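As written, the chain order gives the labels A, B, C and D, with residue 1 at the start of each chain.
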Amino acid sequence: MEQSRSRQQVKAIMRLRELVISGNFKPGERISELAMVDLLGISRTPVRLALGQLAYEGLLKPLSRGGFVVSDFSVDDIFDAIEIRGTLEGTAARMAAERLTDKNEIEPLRAIYEEIEEAVRYLGDEDEVFGQYVELNEQFHDELLKLAKCPMLERSLSQITALPFASPNAFVEVQVERERKFDILRNAQYQHAVLIEAIEARDGGRAFAMGQEHARLAAANLRSAMKQEDLFEKIPGAQLVRRD
Amino acid sequence: MEQSRSRQQVKAIMRLRELVISGNFKPGERISELAMVDLLGISRTPVRLALGQLAYEGLLKPLSRGGFVVSDFSVDDIFDAIEIRGTLEGTAARMAAERLTDKNEIEPLRAIYEEIEEAVRYLGDEDEVFGQYVELNEQFHDELLKLAKCPMLERSLSQITALPFASPNAFVEVQVERERKFDILRNAQYQHAVLIEAIEARDGGRAFAMGQEHARLAAANLRSAMKQEDLFEKIPGAQLVRRD
Amino acid sequence: MEQSRSRQQVKAIMRLRELVISGNFKPGERISELAMVDLLGISRTPVRLALGQLAYEGLLKPLSRGGFVVSDFSVDDIFDAIEIRGTLEGTAARMAAERLTDKNEIEPLRAIYEEIEEAVRYLGDEDEVFGQYVELNEQFHDELLKLAKCPMLERSLSQITALPFASPNAFVEVQVERERKFDILRNAQYQHAVLIEAIEARDGGRAFAMGQEHARLAAANLRSAMKQEDLFEKIPGAQLVRRD
Amino acid sequence: MEQSRSRQQVKAIMRLRELVISGNFKPGERISELAMVDLLGISRTPVRLALGQLAYEGLLKPLSRGGFVVSDFSVDDIFDAIEIRGTLEGTAARMAAERLTDKNEIEPLRAIYEEIEEAVRYLGDEDEVFGQYVELNEQFHDELLKLAKCPMLERSLSQITALPFASPNAFVEVQVERERKFDILRNAQYQHAVLIEAIEARDGGRAFAMGQEHARLAAANLRSAMKQEDLFEKIPGAQLVRRD
């Protein structure tokens, strides 16, 4: 029974998250437990815990008098979330450099790098290239975090990347011109190479700075997207952003 | 009714947190909802939400099959949590430097600094001095974070300082020799002065590095405490730490 | 007469420098004043001062008993000189960020950036592109240093870039494959863009880190050149490098 | 004969340097070779080379038409020289961290630290304490540079510390109140401890930041000295500084 409750639970969280991110509610809108029970067709307890989980992720805001409203982000919040992710990923890279005990430990990271290299150089069908990139990029970031050997950092980072627009892949596809998109991939990949080199050389200062800089590619993409409404709406979680 | 539920709620969270931090359960011990209902004499719903809140704070760990166990930290986790707090407080100091629009904005921070200066130089009754310091130090850190003008950072920082041993005041009193304790206060206060100077000069790089370094005073204290069992037990949350 | 002495002087320095850099003497070889008087056909006093100037630049080493020998560098010295140049150029970028009083001040730097952009995107005749790049790149670095408003830094930087292999352009052409050469130009140009952005945003920490990273492109080129003797010999000052 | 020329040479350099630093000439004053021959009672050639050496050190400025004038520094130049020294000493500390191959290598640095500890804690006769400190501090900085294993960095650093007001000991005694002087020594010594800890932990980023911060104690002293004419004049090389 525990088991099935848990499956119900996961379903409740995923569906509620999807509803919030896709913009089903307005930023600032009050979310009532009962309405969600009706909307999702799921019983009260898992709905309540799903609401708590989304508050933890930052998608809902708990009210001091109880209950929740949909979070309401400013454009500055997105830039800030990207900068904080960069600082934490830079810290992951620094710790990876400082805690490397054996150069072989870095091989899985290098293997992912080589796969990206192949995907990026191939210059094939755009959607295929980007699809592969997004997947491999996520693997790269996961592996980097693993090398940091720091559960406390995983915890801090998972909290910030729970915000849809702060994840490492959030901005990869938010570009309209093919040439510019490939440029950014190549840049990102060059930065991946520097990260590997710095970790291998145990140069924590360089690894930190490059980890920080790497996230700023997303900020550059966000700046482009700000100029074009149709691009802005492609950003995951854009519906939660209030634009003044 | 909402109101009273909320008061019940706050009470449930505070009592459960106190029980966990003070070591009423063993690290890794399973916490059952029903047992807590009995133990706290509070009804099921607020207990359930309190469990969720403590999981958010990192004091409990949710099990994938549902339910919670008491978190179980290693000594390395404490060092890592301090380092992450330092990185985030360094980021707060950097942002404060970058976002200062008017030099007067820094006056409240300087006023707290001056109050600490008086308390530290006075060299009076030890308990009184440390009591004042702890209070003023908390104010200093809160004001610094305010100057960063970054709700996303407040969120990340509040998550890490929710761990009892990662708060800025966790180690202030974990020293046995009077002379050494005062030395550390003076050092901390010198670092406060550098933080103010760097923010005022809008020198974000210096502010970041000093914010990071400031937290490492806590790490130095932790290292001393590791050598003396009676000191180690004074660390808030020490009961959750597994020592091998 | 002063005037003509000075012209003699400049001629003596330039010819002696050329002789040393082009490998006319062996690293470690003793350079006698009289022999230089004969070789250059210039009188004793300007020769003596030229020897002093080259010692200042690091191409000759003064002996404690008087006289000079040709300097003798290791490959590690080149890497170190590049790293020190990067640290000082990073400092220039940081100071430029901190000392910017008016956003218009950055326009000359941006104008050079735009010219490089045109040259690099044009993808025309390779020699022409690289010729232009080398010239514009030098202008970019000079303008960056000007924005730092720091005569003391100009002095430190001019001492290190006097070493032929430590100048910002030393490695631009040390690449054999056309595709790889263009990749490096594009990377360097992307870093120029970040430098401008960081200075404009008065983000000294980012400007410093990127200035440092920028020089490491030269180190990457040096590593490639180490694998191919004919490339290594293209490095300015390679004749002064002892390879074990 | 070479030998005796060299002794003459050293004497010429030392006496000329002393004359310039002690303020025998006005900043900007033209220094004629012949007048120096008369003043020092040393023959033309060693005088000429001494002039060249002082130009290298930055105390004289070569004129493009030949000849030299006494250098002329602004107060900003002193602050900048201190900041550049800090950046280079930070780099020394970083390289020491990165290039440590055996933890025993750090023992000589720690031994000097322990000697300073004794001198500072002793709180004895003020002049004696400061005399010892100045000597041990110089040893500490020399040993740090040795650990960097980087001749190129020694060269850059020796050029900047040749400026009398940029040396690590320039400001140690520029404080009038006894209590404040001891505070600064204790602070400096705490920073020495962090440098050792960071190098030992191979934490290059921390070592760099602390090396930079360490030099800023001198900047803080300079700021105090700016407020009191009699203190300002105690700064080595103060006579070369133009105050507007």
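Here, a residue touches a chain if its C-beta (ideal position, glycine included) is under 8 Å from a C-beta of that chain, and two chains touch if they have at least 3 such contacts.
Predicted model, so just to flag it, every value in this text is computed and none were measured.
The fewest steps needed to get from chain A to chain C, moving only between touching chains, is 1.
Look at the CA centroids: the one farthest from the centroid of chain D belongs to A.
With centres taken as mean Cα positions, chain B sits 26 Å from chain A. The geometric centre of chain B is 41 Å away from that of chain D, both derived from CA atoms. Centres computed as Cα averages put chain A at a distance of 49 Å from chain D. Multi-chain contact residues of chain A (touching two or more other chains): none found. Residue ranges of chain B in contact with chain D, taken from their complex: 183, 186-187, 190, 194, 206, 209-210, 212-213, 216. Touching chain D in their complex are the following residues of chain A: 94, 98, 201-205, 208.
For chain B in complex with chain A, the touching residues are 2-3, 5-6, 9, 45, 48-49, 52-53, 56, 58, 64-67, 77, 80-81, 83-84, 87-88, 91, 150-153, 155-156, 159-160.
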